[in-house]
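Taking it in order: structure first as structure tokens, then the write-up.
Labels A, B, C and D are assigned to the chains in the order they are written; within every chain, residues are numbered from 1.
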């Protein structure tokens, strides 16, 4: 393998428990988003658009869909002769499996993968976030600052700051202090979980961390604080675009709705920063004579005979006559019958909604409904 | 996924312990063979040449090399839109891994994979054997016999029969009895570990076997005997071509030497039944002015400046001046220095043999030497 | 039962070659075929005409397809690429492309023996026992396997696929017979398959296979337009787009189509990557089209990447690819004879006001 | 530091376009270029001439390469395919193939502006700041990155790669300058890069880059033969085949080469899939060649799939592809002027005895 300037390690083992039944048989990065994509498409597309052609994808929980989705990376132009995408599941030497116990231990167990490319820099990414970012600019910043490690940060609303890892920096953006989920945050600069390390520094700290039996082997909790203790040069890289952790049903729904907003910074139509995805073969969408489509995002393979308003329809969705879908997300191949009313809900992939089904959140309630088989059966039992 | 006539399930998790250091970081099906191939190339090429375009490859032990070698199956023309190769490692639902405990349980845990193709027939294969076989002819035989299951068998030398599963059949080749490694074999028809099942029958028996806490979940030990007990129609399919289980260092060496024999039935030069393999890019082999090459098989990327006799050289092997290599197998990218003498040995991939190194089996000894780092260091320490 | 042998079997072997004659030139389609061969004419929002016959072949277990193009075949080659989108990027068999070395005038019938003769090697090398020869400009979704079954059962020499008695210009023959027809073309005087089928002075048995599904041979702007808009009828739609027998085409990285506030769509077929801000009715919209605020597009076929400004009115118009219609423009054709706007042109508001 | 922005950076951005002029026709190589373009002439057992410059470009981080062929480019297209073997099967950038629409006589210099002009869009669309224009027939293994570094450092308008003062017909320019040279070709009268470089009546600064590695421009049968056999010298070999900068080519499914009892090979370069039963010396043997028992092949270049019978003697001969030499044949050329046997021919024992 030839030497590489920068190799990315993408942590894609997230269980995403708060996404409920959506992640029952899928890792979080494989959850559908935006009418056509899976969450991981954004990070993989960012890599290819940033000129990073070597990406190790660390899978763990329910990896089958993710593995076959990623394949050899052709969809993201990452099927490269030297480098490209490599899926790195936990593996067995002899007959015991080495399970990944933390973000840092996952990288540590794949040091051999990194060693074969002997990169100058390692970019650590998470496959859980929706955003467009040019990692090359962050790398340039990292080099210009002469940093040992650079952490991208974003200003979050003050009330939410206590949910994040918060950075305290000097005027030069050098990190002085880091607090994981502070109860009384003195700042609102949150870590996005995106790190660039000098390879030699990363190797040293991962090996040190591995020898520490007290460590939880996590970048935020262990590696970064240790580096700060030892006075390494850590810099924060301020990011000010669209960035969303779609960790809950509500935030997943919100991020989908964001795409229908003219003011939203997440433009899927930008040809200079395409979001790539596996393209299945579908016929064009068919909007029937009785249909009405307003303020929506609709993918190929759909057949709409009812009314769709402020909604996102993934490929292969059928919407029956006299049906109304409002402020909802309908995932791939769901079949919505006739005379159905769905409002502020998510319909999971492949689900069949029977004729006459009605569901909507109560007026005062701010929740989004994730429709389940039990709900449907409950109604008809 | 479209319905399929016949889907193959290839068991490729073999640890191959008797292959010693060759399988320390490789599953047995990934062991190099024949100057260019890996063992699994033969089974995968048989599939594609037999018109079987849907193959599930079940990996377990040290799967990384195998996974990235197989990729999406392009090398064997198995990168298909509907079907193709799918690598099926043990996976975790929630946070426990389901480990494959026997051949039958490995298939049982992947019933969902089979269900999506709803095949008429399932072909069970092992990735451990070297042979060329048209599975389509076996399937035709299976259909003509109206069998529930068909097991391919080969006549083995009588003294070896007790190492195999032995079949006893009537004149119509219907299996009456099956004995696993009998101490006193009354027959020499050995099972090759290749089965065709009617899908409905296979499903039924795998589910039955899974409920049996006494079962070791093995086709030979559990499923087949149970089917015979219940008077299912099992037929033996006699195969009379070249077939070799390269389970030991000696048999791996022998199978390589077979390729140098004009009489050997395993013809790699047959364009109508190609053995496909991942083709790395190498320059043509260079045979120098001082070199001598006799009765050998030599791959691209080699550079031979010494004498090579009755040997198999894989890609990228360098042979120094005044060196003699006789009746040996030199695996990929091994570097053999000058003034070396190697006889009846296997040199593993990437090993460097220092100048002046001499090794050969003693005259009376029938063993083949697998050269190890310890041997080399032992000599120079 | 010999078991060491490798050849034989047939349980799964594919037995038909596909041969697509892509040399046809229809003068009545000139406006759409200036820059592309007939086979590459866009259809139904994301397809090219050749996708239909090619997908039918693939769905009928045909694994080796030879395409014989002639004029302007660059866009056809770009579209087909390695054949990957049709699962025809194979090491053995797969997709073959044999452009005509002859620059003479188009031959009159489907299956030009002269053109095939220049590539006889392909037929000699092929192991498939039968060959299906087809034109490249029919919109249909047909399983060819029953044709083969019938052909074998009847023992005929040539089976012609017909609809209501009219030839659909698709022929099933043994590959060996096709080879001998090609080899003996000078002696027999037959230049193509229809010569053989219509001649009565030979001893070949000719049989017909009546196809009852939807099939439209595209040979004029009028029937191109009618067939396109006709696809909006649920009956036609269901006949062409079957989940079990998909029509494959080149896939592209386009986002889903977005309808903004104030947009409206009815009885239309719309591909991905479009931005709909106006009103669309009874139309076929291809990938990457933009329809501006206040614009009304009715009874139109809008091809890839065309951009329509604000407050335009388009009725019964075919916009070829990359057309730019400036704001406030008004373009109207007649339903029996739509107006065709040529590829890459700019239509100002003044031109038709 | 703005951080929401997406463009910019340059730490990893690739900055050169590759432009390969594959239109050259050398009359002195006629026997090898009847059925193929010069770029597709087989070399060194498994390569085609174009592999060298194309691999050099890829190894120099060039990710967008445009090839401009002219005559007989079918075999060149088959060889290059989707560009996958050179890692150029990309969604953005990658390999582009622009056959000349003009059937006039060959242009005299490398980088025909007329031919480029027909595909100006490619240059407009490309984001790479520099373009490297090269011929297609040089055997070498060269890193172009130092040329770019020097070009930027010196601030010259055009850098010409030279060896011992002689132009290797490779030019580095800003893409914008190349575009203006193409656009203004009628005003300036320059038809190709060498016109610009050799003219003294302009204000462009022309610099030279002296290349010290091995580089052979193949322009006659004599130097094709000498360069081929010359590769057997360890010095030459090591200059061309570097592990860190491999020469890529189309890979094939061939078994390793087999030497049977009685075979002998010395000082030769032999590709895969050969069956060697006789003696081979000072020769280059391509893939799938068979050399029968008792035959002696010396100082020869044997191309793909040629079959040599038993007890033949071949000395100083070039066998093109698919030649069949019958048993007991004797063919001898002179070392300074080898005999060329044309593709696909059969050589009987009587012909040369």
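What we mean here is this: a contact is a pair of C-beta atoms (placed from the backbone, for glycine too) under 8 Å apart; a residue touches a chain by one contact, two chains touch by 3 or more.
It should be emphasised that the depicted structure is a prediction, and the values quoted were computed from it without experimental measurement.
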Which of C-D and A-D has more C-beta contact pairs: A-D
Chain whose Cα centroid lies at the greatest distance from that of chain B: C
Whole-Å separation of chain centres (CA-atom averages), chain C against chain D: 38
Distance from chain C to chain B - Cα centre to Cα centre, in angstrom: 45
Set of chain B residues in contact with two or more other chains: 276
Multi-partner residues of chain C (each touching 2 or more other chains): 91, 253
Touch list for chain A against partner chain B, complex: 15, 25, 60-64, 67-68, 71-72, 86-87, 89, 91-95, 97, 99
Residues of chain D touching chain A in the complex: 1-14, 87, 89-92, 244
List of chain D residues in touch with chain C within their complex: 81-82, 91, 253
In the complex, chain B residues that touch chain D: 34-36, 259-260, 262, 268-269, 274-277, 279-281, 283-289, 291-300, 312-313
Footprint of chain A on chain C - complex, ascending: 44-46, 85, 232, 234, 237, 241, 246-249, 251-253, 255-261, 263-273, 275, 280, 284-285
